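This is the structure I have questions about; it appears just below.
Chain IDs A, B, C and D follow the sequence of writing; residue 1 opens each chain.
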Amino acid sequence: MGKFWSFLFGITMVACVGLFVAAPFVGWWMVEPHSLHASRVDNLFYIILVVTGIFFILTEGVLVALMWAYRGTPDLKAGDIHKGELPGFIRPLANVFNTPHKIEIAWTLVPAAILLYLGMAQISTWADIKYLSRMEKQIKDGESPIVCDVSARQFEWRVRYPNSARLKEMQTIKANAGKRDWEKFSPHYDDVHVVNEVHAVKNKPVLVHLSTRDVIHSFNLPHMRVKQDALPGKMIPVWFTPISSNVDKEGKELPGKIWELPCAELCGWGHVRMVGRLYVHETMDDYQAWLAGVEKQQRNGTSPPQAVAANQ
Amino acid sequence: MRKAFSPTLQTHAGQPVTFGSLMHPFHGRSAVGILLACLAVVGCETQYGPERTYGLRKDPVIKNGQKMMEERPLPDRPGQLPIASIKDLTEQEDSDHPFYRADSAKRKEFLVQDLVRDTGLISADDRKIMEETLEKLFGKPRDPKVAITDKDGNPDEKAAEGLQVDVTTLARGSVLYREHCLHCHGITGDGRGPTGKWVNPHPRDFRSGLFKFTTVNRVEKASLKASRGDLARTLRQGVEGTAMPSFNLLSEQNIQDLVSYVMHLSIRGETEVRTVLGAFDAAKMEMVDEDGLEEYINKASRSVVKAWKESQAAANAIQVPTMAFDPNDIANVEKLKESVQRGKKLFEDKKTNCNGCHVNYGRQAPYKADDWGTLSRPRNLTQGIFRGGRRDSDLYARIHSGIVGSGMNPFGKDLKSDEIWDLVNFVRVLPYPEMRKNVGIEIPE
Amino acid sequence: MSVSPSTAPAHAHHEPGFLGKYVFSQDHKIIGIQFLFTSLIFLGIGGILALLVRIKLAWPMAEIPILRDYFPDNAGVISDTAYNMFFTMHATIMIFFVIIPFLTGAFGNYCIPLMIGADDMAFPKLNMLSYWFMWPAIGFAVAGFFVPGGHAGAGWTSYPTLASGSLGVGQGIESPAFPGSGWGQFCWLMAALLVGVSSMMGSVNYITTIINMRAPGMTLFRMPMTIWAMFITAILQAFALPVLTVALVFQLMDKTMGSTFFLPPSGLDFGNYHSGPGGGQPLLWQHLFWFYSHPAVYIMILPAMGIVSDILSTFARRPLFGYRAMIYSIAGIAGLGFIVWGHHMFQSGMDPRLGTGFMVATIMIALPSAVKTFNWLGTLFRGNLQFTTPMLFSLGFVSLFIIGGLSGIFMAATPVDIKIHDTYFIVAHIHYVLFTSSLFGIFAGIYYWFPKMFGRFMSDKWGKVHFFLTFVLGNFTFFPMHILGVAEMRRRISTPQGTILEGGLQNLNIFVSISAIALGLVQIIFLINFLGSIFFGKRCTERNPWKSNTLEWSAPTPPGHGNFDIPPVVYHGPYEYGNFEGKADDNLMQTEKAVGVLPSQTH
Amino acid sequence: MSHAVHDEPGLKMGMPLPNGKLAMWLFLVTEIMFFTALIGTYMILRNGQTSAGNPWPQPHDVHLVEWIGAANTFVLILSSFFVVLAHHYLHINQPGKGAAYLGLTLVLGCVFLGVKAIEYKSKFEHGILPGRVFEKLDGPRGYEYVAKVKEQLKDIVDGKHHVDSKAMDAVKQLLTEITDNKLSPKQVNERVVGTKHVKPVDMPSNPQNVTGILELDSHAPISYSIPWGNLWASCYFAMTGFHALHVLGGLVIFAAPLVKHFIGGGLKPEDGLFVENAGLYWHFVDIVWIFLFPLLYLV
């Protein structure tokens, strides 16, 4: 039976590795990265995947080999122990294997070093993505971020933009730490409100003021590798820079480029339905054209609501 | 490239992708997946089960909810719907709902005054006729239809023309409704889905045929329902400040299908309501109409459909005139200032008496019963949340034609369009302290 | 063998009646078996809930034949609210009513006195109380299903303000946030609170027993790994549980008394409801909760690790490799376990600078686990492996714990966690750690100690069939979840078609669901084997059927009241397997005096 | 397989402590964690969110009287001392004295709870309870506050509650002004507490420089705004409430040996262990209060 069981364990290991190798080819894999920091996150993911993969194959392989090599006889007799001689190629290492302390020290220190490396490798990326102090570096002086206010509620994202005039005013915000004037973006009479749509411009940082009205939601942009919980009673800044666009001049999504904004934190019975979309425009002009369109539609009192419904 | 399964997408053929196509086994990539998916298809449907029917309404018809209840400082409790069944009137003594708290004499009075009709008193025979006739007219959830007959009993193809309630649209709508709406609005659109009673404000009961946020001109014709555009807009934008979320990521086709299905539910429900109110006497719920119950139902359905058709006519929409100036233009600040100040005066004026309901700009407004018998509250206008939409034209429509069922009356007759614009400008400024200062109005802290 | 009269068990007790013997028993063995049965029942309930969850995920809009009658107002489809309730209670029941009572309650009670050579726990009455405090908890946990709004549905983590949503002081307990956050959440909180009291009594008792009641010669470093694991687990519980108790009390106060610990200063809006002004912080709950619940993860795995270490050594007929290293690594896991709770909160809005610290600590906690794994492999090296059912489950544990351990590194890394957080990757990870590891440890323990508990063997053939199917189907069920997570399927969604990305994974979901259902059905084999063997299994007449070394095998089978007829005296550690001069057997029990050099010293 | 007795390893393993005492220490460890979590929460909530413009309530704001708390601390310390004496006398086999000191401990514990009850009563009277305190007065909550004050003023004018005659005029005047709808919530608050004591966050836009009703009569049962009041009350009642429950538990524990002494046939030196364990617990309860007192009353 011993052979059978080692075979089973071996097959399982191969299948597990196989699934991970095959998954990307059948489309069961990560979405493409489309933001400045996304590929850094992905690289870290792959580093860990490779390291853990190697360790996985190593340890499972050793386990299967040991099960195979030392499968015992069913009747227990003294003397069956130690029957197995070491295989020839390991024999030079016999000294190490036979002195527990040396090998223990080895298999403590080596993983420790690797783990420590894995830990240290993360720090700078994490800091760039989330530290408020690093945001100022990413959003340079004079360069205006696209600012919006995302207010989550069960079960939708309500997004508020400054109108075009205010957008121009906000370009002058100095990007000094601590001096950023959040108040500039308090609710205004002439803000532009949309639901479930976040708009951005290619290669321009986006600064989202994230808040929630009721429960915890999570602002999750898979293509941008952004995820941040919205906490009741708090306003949390989130920033990212898209590096490719997904809409055409008219603001319609290009085929196959629908970038979604699902809520990632359980927020009630409609959690699954809480999905918005991210629209990244090619140029600032496109963005402003879109903004002006919505502004006109929302602010221009002369357009009768019936017009929207006409001929339907 | 992934296959798109989400109902929020359209395939190349423009057909909505629904859960129906999900179960199609050839989406699989792996052999095992296909094999097991084939197994899995057994017993899976995205449509309603074939035996499921709408059934007759069990809850009483509330004829005038606003007269039934007193003002209250607090909204309904979660987990409670206005009135589940008249039987509960006697049994649920300890319930917290104001209707039950009313002593039994008062409750009897409600019945005597004909504020409430008890559907439970209808005889079994009549119920059977009603059920069969309604099913003949409107089908089942799985295959809904609006099959109106003319006076001679022949199918009248033209009756529902232009309402887009053909069988194929409704079938698509029924699948979408089951997935997205059923949860709150219930199978018959009664607002009694599994979570319906847990949200406040309660989900809209379509069966009464009353829709709050519309752009039809009720000043001229109070019987108007809502245009397709109104329903579509509510679906797209959601209703801020309620549990109704936005569905703006559904495709245009899906939205239109849903609108059609909601209209179907509303027509069916209102036909039933009108029958209960018109064909029976109040006290014993015995049939009084001499044409016979079946004919009464047909009659009712015709008139409901007619009202819906009228609501779609462009002539019956509110004509929103252009504002005299563009309020967003910096150059017009002075004009805006004057307009807002006029608006404030109007708001506090005896003629409109806005402050009578929106006490202290809505900050101290108490809860009042609406036509559905639920509690709602005149909007707190200082919060900047407008359920019917925040566009100027939305606010104009609310003031012009009122909000049906809520107690907000149409002011289109009493106010000139310029006056309405003044009010709109005032209401828009109200939530923003900085802006209030700029235009020179002041409200207490 | 001479017995010193002073250490002979002196039990001048009268024979108790049925109630006293099997129901309100103060005998640790009976209490252990009571815990065992209670946990098994809840394993069934929790399993059924899991299957409901999987059914909904695979066929979200289908009318499932029998189920549809329970959801008439939702057109025969499992409603989203019910779905949330199912997965919440699946997790809650599996954690609080299955794995913790199984490992610490059943095995802790049964094994600790027997393996350290004591005649009972230090406080038998307290022990009995700790079992009976489970029952009010169970009462609340079950009652919750029948209250208005259904049981709690905010996830087993019960994050405010979804879980703690309330109408404000004096307005009743119903919640505008979620139907189950009213009465259901109240029941959940009470159940968790009471189960905590039970665990607390147990842990104080275990620590006292292990410190003070060991048999002569049983020094700390002669204790079997099971006891070490139980000891450290009990310490973890004693330190961490009160913090959870405080958190639960806070939420209970928020719910019933109008306090505002988790209500933010601005208050909350739910449609027509506006909560009053608060002042608290929703994030506080997460800190308090994870301060307990992260160590709880180790509470749920360490005893299984101990059990597996003992079983591996026994059936490999080899001394446990690196016994002391194993102990230090358990202690290391426990110690580090207290400073890594923040890794559950990287994306929660906690100061990201804290995240960096938590990340390093979390990644380093993989080290002791790695050391343990290597030691298990070292134990097999040059052994004489006996593939009995308990051994297979232990080998399965080692094999699959490697997967669970390695996948943990991904979420420890803060930037990668941005991707992985709240996806099915997490679900895969916890199930590899809790299902294929903890539960495999539990199965191994049941098969291993069954002869001692009931005096009969469980069928080895059916045990192997059970293992084979559980191993294969367990991997079928849980491994694809890694892929689901990487491909952006969110956790805790009721239909896996909310987004386009999730929609593309439907086939995989159906595959997982079918595997899960099969996995559930396979456990029936175990159930029949377990129950049947109690009455009809092959009799075990020997004291030491597995030729093991630890003290429980020197007691009669099954042990009577007071455990040992010959008071044990311990001469060496528990892992002496090998050649002994002049001895036919290859094992040397702890009560036997050593002749010559011990195998563990030569290795 | 036979071994001589002298080969036996040492007979007693473990620590030189009775099981009961060891378990008591372990129990206290869990208790320490429990109160650490409570106190830690309090400190984090208190220091994490307050600011100079929106400060944490002072003891005076929430009707805490320092000297009462201090006296209670003394009571508890004294009782701890008596437990030690009780244990000592039991140890030297003077059960009568031991029981007497136990009785004293019990009495002092009761005194502590009595004082606590009086302190709670003043909170209840002024509505300083979780979820019931009016905080910032903007928004709809402000008008609920005005309605509440109006009700309370009416009760005073109707004679249902008594206030000092000095304050009566101010009460009447405020009532008429509220009835005429002249005052904003913040102004009402100013009139109640007096301009000197209004928190910056509740300062009306045009302060009137008035003497508040509560300045004239500090016991007048009128609500007023306490920023962070709900959180303060939540923390206060959670912490002192659990401490009081522990005191109550201690009283039950001390009652047991006393019952035994007077009814069950007298205390024996063996009971010293029980009293020692009970004493350990009592010292712990005492220490917790020693932390709570400065945190709540003084800091």
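Note that in this section a contact is a pair of C-beta atoms (placed from the backbone, for glycine too) under 8 Å apart; a residue touches a chain by one contact, two chains touch by 3 or more.
The structure displayed is predicted, hence computed values, not measured ones.
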item: Interface ranked first by C-beta contact pairs; value: A-C
item: Rounded Å distance between chain B and chain D, as computed from the means of their C-alpha atoms; value: 52
item: Approximate Å spacing (C-alpha centroids) for the pair chain A, chain B; value: 40
item: Separation of mean Cα positions, chain D and chain A [Å, integer]; value: 47
item: Of all residues in chain A, the ones touching two or more other chains; value: 27, 154, 258, 269-270, 273-275
item: Residues within chain B bordering two or more other chains; value: 2, 8-9, 29-30, 183, 195, 243
item: Multi-chain contact residues (two or more partners), chain C; value: 79-81, 178-179, 265, 269-270, 278, 281, 497-501, 504, 508
item: Pairs of chains, among all present, that meet the touch criterion; value: A-B, A-C, B-C, B-D, C-D
item: Residues of chain A that touch chain C when the two form their complex; value: 1-2, 5, 8-9, 12-13, 15-16, 19-20, 23, 27-31, 37, 40-42, 44-45, 48-49, 51-52, 55-56, 59-60, 62-63, 66-67, 70-74, 76-84, 97-98, 100, 103-104, 107-108, 111-112, 115-116, 118-120, 122-123, 125-127, 129-132, 153-154, 213-216, 218, 220, 222, 225-234, 236, 258, 260, 262-275
item: Residue numbers on chain C that touch chain D, as the complex places them; value: 1-2, 4, 7, 122-123, 168-170, 200, 203-205, 207-208, 211-219, 238-243, 245-247, 249-250, 253, 257-261, 265, 274, 276-281, 284, 288, 291, 569-571, 592-593
item: Chain B partner contacts - residues on chain C that touch it in the complex; value: 58-65, 68, 71, 73-77, 79-82, 148-149, 167, 171-172, 174-176, 178-179, 182, 269-273, 497-504, 506-508, 510-511, 513-514
item: Residues of chain B that touch chain C when the two form their complex; value: 2-9, 19, 22-23, 27-30, 32-34, 36-37, 39-40, 43-46, 48-49, 52, 74-79, 96, 141, 178-179, 182-183, 186-187, 192-195, 198-201, 241-243, 367, 375-377
item: Chain D contact footprint on chain B (complex, rising order); value: 360, 363-364, 380, 444-445
